[in-house]
Structure formats: structure tokens, C-alpha cells
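Each of the two complexes below includes subunit A, the first together with subunit B, the second together with subunit C.
On to the complex of A and B.
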């Protein structure tokens, strides 16, 4: 069972390193879309999750609500990854 | 900024295209932003502001020098004032200005034209050489022209370039050749190649969508491509309608190559300013994948994920950097050799939302905004998508002899209809 908090930390590190500039103050509550997160960023993130956890999150699971913040995104990812 | 500045791989590509366009009698690889202003701007105020920016950024008068290692040669001070010209409105003036070359070899990399319109309104046309900067940087530059509070970054960091070690370079070349060979198993043939006249003039038209229509298109994007899927829907619809156009014009091709630009700036960063920060995701569509938007989107998504897995998006940019030492005629031959004479089937651009700081210019309201860019002789056709004040715009650019006015209007209308009713 993967904890959402573990995924949240992993996603935050990935987004800070590979997507956002160091000047962006990215926290678990940052509105990702407002900060410039786009479709290519999303595919990169999904690939990172697949590489790290061995499972592709279907894009249908990524809703507006899921993208509201890293926190909600991690919760969505945890839900899919923990499904049998 | 140093007095010499290396061109990155994307700048090299843009410089190569500039050579190719001029060789065919076009103005060159230059872009425009057109601001339709609600009032007047005294040209001397604009000239003064540009003078201040020239002092701060002598790069604006830079010239490309060096035979085997091309670099920007940046003068120590102002060599020549940036041109600001005032025109009275007349028929075909905008097309004429779009087709008027910048004298890049003499350090003219940007130009401003003011067109006085009826009712005290003005159109401002900002033209720039694409090898100097991409559209995102141009928007930031124009925002800084408009208001000195919009500071421009001083630094110019570059994205990771080609590998330094020869074994890695050879591996990159091998992979790139394999990718192009795979594309050529279904040889693309562009409209220009099918109609080999000698076009010397580009034309453009703009499709405007209301905010209601834009909402509908965004909803279509989310439904068909997933959340944040607007750009994917734009690319898929463009490819699909290109296929219809080929069919209508009787131009047979085994596949279509649509390069989708991918921004390299980390999110939340303005810099670097005077360079192109774009990679190209080369998408190939087979005719059977262009039956419906759903099938096209599926093909697009599969290729995007594959390209990210293989890290193949940056092949072209990195190779351009490696081959930057070649004289331009040889460089462009190498570039075209990969696709057996083609560059692509359609130029596609998606600059997303226009910088909100450009909703007014020198305090004057901007009533409308247009992005225009030149397209290479083959394919001689391009589409650019962008949002101004939340409303979608699509600029269709074409060479006069590739499409006539009716064909261009029909292509443009077909994209509109398909976006609204995919």
C-alpha cells in the first residue's frame, strides 16, 4: 500500500526538478494549472509515475479536481496505484 | 551579456529556414505580432523607449558572424536605431509589410510599423527575425517596450545542448537517422512538392472565436484529449483537415509530418529572452489514422508518450547544434535529406495564452492581437493557435501558389468547424 504522503513528496520533488523553475514557490497546495502546468508536463509526470511505481495512470482519472494541487494529484495517484 | 553569444540548436534551425526562404525569394524566417490599438501612440515615444532598450540590450543590433562556429556578434553600443515607420491605411498594406524582408545581415532584427486607421485607431506591427527569439520571448519583449516596469531578464541560460563526447554524438545521429528512416517508410509529400511552382509571397488569414465558442472548443479538447488537451486537439484537427485538403487537391502522400513545438522554459520563468527555447515533437500521421478526430488523437497521444520515453523530442535541435558548423546551403541540404526532400507537411504553432501584459500598450487598450509567422517554401502552409483575452485565434499562413484565396478560406473554415464539432 503506497501512502498518498509518499507520492506527494515524490511528485513535489519531480515537479521542482523537471517542470517548474527554481524561482517558483511550489508547495503541496499550489494550483498547478495556474502556475503553468500544461499537457506536456502532465505526460511527463505520468511517465515518471509509471517509471517509479510501475503503473500508468489513465488520463481519464486526471480531472480538474485532481489537478487542483499536488496534494489532490497525489491522492488520485495513490487511489489508482493501490487498486488491485 | 557577452559580446559573442552562441546560437543554440533551435536558433540554428531558424537560421537555416531563413536561408531556405530567402533562397526561394521569400522575405525570410520572420514573425509578426499585430496589436490593434483603440487609440494613437506618438511614434517618437515608441522610438525613445526602443532606444532605451537598445542601450540595455545591444543584442537587438546583433549580427551572425563566424564561418564554422556561428555566433551572435553583439555591438558594444547602438549601431542603428530600430526602425519605426508610420503608414496611412491602405489595401494590402499588411500583406506587403509581412512580405518585406528584415535586413538581418545589417543588424536589423526587429522593426515596428504603425498604421493609422479610421476613428483615431492604430495598428502596431512588430516584426522580428525568428533566429533572434521565439514567440513567447517576443511577447515578453513587447510587454517591456510597452511599460518599463516590465523588466527583462539579463541572463540568457541555454537548454541542454548536444552531447560533447563522440560516442554519444554518434549514438544520437544513429537514433535520429533511424527515426527519419522510419518516417520515410511512408514517404511524406507536402502540398508544395505536389505543386512545384515558385511562390514568393505569403498570405495569412485569421479565424477568431468568441468566448462562448472557445469554451465549447476547450470542452471538446477535455472530452477527446483529456484535461489540458487543447493543444492536442488543435494539432489533431489541423492534421485531419490537412488530409482532407490533400484529398481535395489531389495531392497524394503516404503520410503527414506535423512538428509540434514543445517549450523548453521551466514553468514560471521568463528567461532566456534572445534565443529560441523550443524543441520539436515530430508527429507522423498515416491516412487511415485521419478518419476521425478520435483516431487522430489516439495516434498523437501514442507518439507523444513514445517520444518522451525514448527522449527523442530533442533529436532535431541537438543535431542542428552539432551541424551548425556547416555552410548554410549544405546545412539545409542535410536537413532536407533526412526526409528525402521534405521538411514537414504543415507548420504547426501553439503559443497558448497571450501575455496578459499585452492587453494594453503604452496605456492604450489593445482591441485585438494577432500572431503571424512565415512558413518554409515546402510545405508552404502553417497554422498558429493562441488565446487572446481567453478567446481562441487561429492564423493560417500559406504561400500564394500553394493555395488560392478560396482554398485557404475553405481550409480555415474547415478547421473552425472541426474544432467546434469534432
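On to the complex of A and C.
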């Protein structure tokens, strides 16, 4: 069982390091799309989750609600990763 | 001949027709031509010499398109620069390509405003670059076999020939509406220039998720989709039930189409994905319009005006693919290499391995040319290796594409650790300082040594690995 909070911390660290510039003060509640999260960012994020946790988040889970913030993304990832 | 004339012709023929839909507002061909003229006047104030090379660093937008045609109108050469480039990469591109200026949407330390949301950074050049008397429209940089960049040089006439050849296959007309989501900095000539020449409407889709994308297809009655396997993978998994009945052609380009994406898409929408082969030096070479369901893994038959041959095939018919046809690039820019020098007896040797079946369908088996395509963005391994090799813990590295069931290809790297190995935990971060995010390898594999070619001792380029 992976806790959403653990994934949230991992995703925040990844996005701050590999996607957003340091000037973006990214928090778990930042509006991702408004901050410049684009389709390539999405590809990189899905790949990172797959590399780190061994599972690809199915595209059917990629909804506007899931992409609202790191918080909602982490909740979506946790749901998928904790499925048997 | 100047490509701006193509846009002006379309504006005369279809003045009121919608050229672009951007953020739900429609821009007519007449308005686009007007914007083109306005930008050309602004650019004239920069007093750039004819044949000046100008970097264009913009996200997908009508401004991107109008500025491209405006640069052509003032006889400047367009060099697309991806917006994701960090500052170090930008200045390296500017130096190698001898750019006179970069136009960007965002201001930088040394930029000045040119028009609303358009900034210009100028560079002092010792001399105007030598264009060898060619009427150049476009230079797309790629990576060379050494770490140097080389630019693929395309003249106005060459682009026109490419567009004409490609449209024999696409058959785009003024009745088509293209739903567009690939980055223009990577895809422009046999797409946007072709669509505008044909009088089609282009809808700029900026959606990240499937549902609003499908809504855009249906709202604007899209007839053509042209995207990477990743985008089709997103659409195929949508569970809203929305259909895409208006679409007549869905082209999957940029890298090998994974079988599950092809099948899922057909199951979801009842339409096949059409694989195509584009090569930077050649334009669109082949497209599988004839049998996308039966031979989903074939890039199809070569276009009518192209000849394709397999050099020294083995017992399975597999050999290196060579191509002759219209629209072959005119030169490499840095260092300069003329078309005659990059062809062998009139043939361009692609470096890709493939075979052709009895009915003339071409199958691409591995791309020896090392360009990797990550969801529509081109990645050149040598460039990433040159950054990795600067890290103190890295003795040498090899970057390659790994086949991926949803994305087609992803970027990974093999690392040989150096004697003073201090760990590679910060390697991603190190890459980020020097490279655009999409170029950072998803995985680093530490290996004892890299495979080398026996004859020359060069690092062996790996085909996309499963």
C-alpha cells in the first residue's frame, strides 16, 4: 500500500527538478496547467511514475480533474498503484 | 520563388475561409495574410540582411505561423527553436547556426519588444553566414555524428516540391479541417505549410486530455488528425463514448506505431490509424493509406514520385533503405555539405534498416539514424551524450530509444562510470540545467562498457530496443 502523501512528495520533487523552472513556486495545490504543464510534461510524468513504481497510469485516468494539481495527480496515481 | 506567395494565393482564393481556430476564435485567410504583412513590416525595421538566419522560439500559435511567413517575406531564413530549450542550449544554437536574431514570445535579459508578445534578441555576427547562393527558407538543426549540430537546409523550391509530393497522398483540400496538437517547432512544412496551401482549416488543440480533444474534433467537424502514438493512445482509452465520425484520415507519425495503440484505437473508433514515414532530410516518404488494418506495422508504399530501394539485402530481404525523390534537402549547414555530397549516385542513404514485401509495402525494422521520437519531439542522442559525458561520474555514455507500448519510443541512457565515480543520483538534475526537459533520459543504466564497432571503434548506435 503506497500512501498518496508519499507519491505527492515524489511527484513534487520530480516536477520541481525535471519540469518546472525554479521560479515556479510549485506546491501540491498549484494549478498545473496554468503553471505551464503541457502534453510533454504529462508524458514525462507518466514515464516517471512507470519507472519509479513499475506501472503505467492508464490514459483513461487522465482527466481534467486528475490534472488539476499535484495533490489530485497523486491521489489518482495512488488509486492505480494500489489496485491489485 | 518564395513560400509567402503560397499563403498570399490562398488568401486571394479563400479570403473569408477560416485558416486557424485558436482558443475558439476563428482567423480567416485574409486576416492571416494581414498579420503576415504587419509582422513583415515590423521585421523590416530590424534591417536584417537578405539570407539572415533567424531563430523562432514560440509555442503553437497563429503568431508562430504568421511570423514564419513574415520572415520568408523579408527573405530571412527560419530556424525553429523549441520553446523548452534552456538558455545554454539557446546560445549554442545561436552560435552554431550563426543566427542574426531570435524571436520569442517571452522576454529575455537582452531582448527588446517588437510587437505585442513578440520579443527580439539580436546577435552580433562577424559576417553574414555564407548561404552558397541558395534561396533558403528553413534550417532545421539535427545532431551530427560528432557532437556538433548540423542543420538540414531547405530552399523555398524544395519545400514546395515536398508539399506537392506529400499532398498527393494526404489529398488535403479546402474542405478539410485538421485538428493539430504536435509542436510546430518540430513539425511544420509537410503539415502547416501544406494545409495552408490547400486552403484547409487548422484547429490548434491545446488539450491535455482526451475528452476536450474529442469535443474539439466534433465541434469543428475535424476531418484529419495528425499526431504521435501517445496522443492516439490517450484518445483510444477515452470512455466517454464520443465518436469521431467526421474524421477521414488519422495519421500516426513520428515513430513506430505500437500494435496495442493501433488495435485499441480501431476498437474504440472503428477507424484505422495510418502509419507514415517522415525523414528530416526527405519529407514524407511513405504512408500506409492502402492497408493500415492488415499491415498496421508497415509505413506503406512510397509516395508516387519517390523511389525506394533496399541496399545489400540479407537472406530475409533486410537492408539499408535508400530513397530518391522530390524535396531532398539542399545541404547540411554546419559544417556546410552540399546536396551532391550527401547523396550517393542520386540516392539518400537513410541509415534505417528495412524490407519491402512483394506488393511494395515498406517495413521499417530499425532506425540506424539515431533520432528518437518522444511523443512528437525529436531527440538526438549525441546531444544528450555530450551533456552526460561532462558529468564527473560519467566516463562515457550511450543514449538510445526504447520501445514503449504507449509512447512508441522513450529516451534511456547507458552510463559507464568514471574512476572518480561520485554517484549519479543528481544526473537528471544535471541534465535539466543543460537540456530541455523532454530530452532527459527516463532511465539510466550503469554498464561496464559500451558496444563498439570493430572497424572504427565508434560507439555502436543501438536500434530501438524492446
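Structural remarks
Rule of thumb we're sticking to: the second predicted complex is superposed on the first by the 84 of 84 C-alpha atoms of A that agree within 3 Å, B and C clash if a C-alpha of one lies under 4 Å from a C-alpha of the other, contacts with A are read in each partner's own complex, and residues count from 1 in each chain.
FYI, a contact is a pair of C-beta atoms (placed from the backbone, for glycine too) under 8 Å apart; a residue touches a chain by one contact, two chains touch by 3 or more.
This is a predicted model, so every value here is computed, not measured.
Once the complexes are laid over each other on subunit A, subunit B and subunit C cannot both fit and instead clash. With both structures placed on the common chain, the touch criterion links A:68 to neither subunit B nor subunit C.
Look at A:28: by the touch rule set out above, it reaches neither subunit B nor subunit C. In the superposition on chain A, no contact is made by A:9 with either subunit B or subunit C. Looking at the shared chain after the overlay, A:81 reaches neither subunit B nor subunit C. Taken together, the two structures place residues 19, 33, 37-44, 47, 59-60, 62-64, 67 of subunit A in contact with subunit B in one case and with subunit C in the other. Those residues of subunit A lying in contact with subunit B across their complex are 19-24, 33, 35-44, 47, 59-60, 62-64, 66-67. Contacts from subunit A toward subunit C in the complex involve residues 17-19, 33, 37-44, 46-48, 51, 56, 58-60, 62-64, 67. Of all the residues in subunit C, the ones that touch subunit A in their complex are 84, 181, 183, 208-212, 230-231, 233-234, 236-239, 374-375, 377, 405-407, 410, 428-429, 432, 437-438, 440, 442-443. Interface residues of subunit B, counted against subunit A in their complex, comprise 225-232, 262-263, 265-269, 304-305, 308-309, 352.
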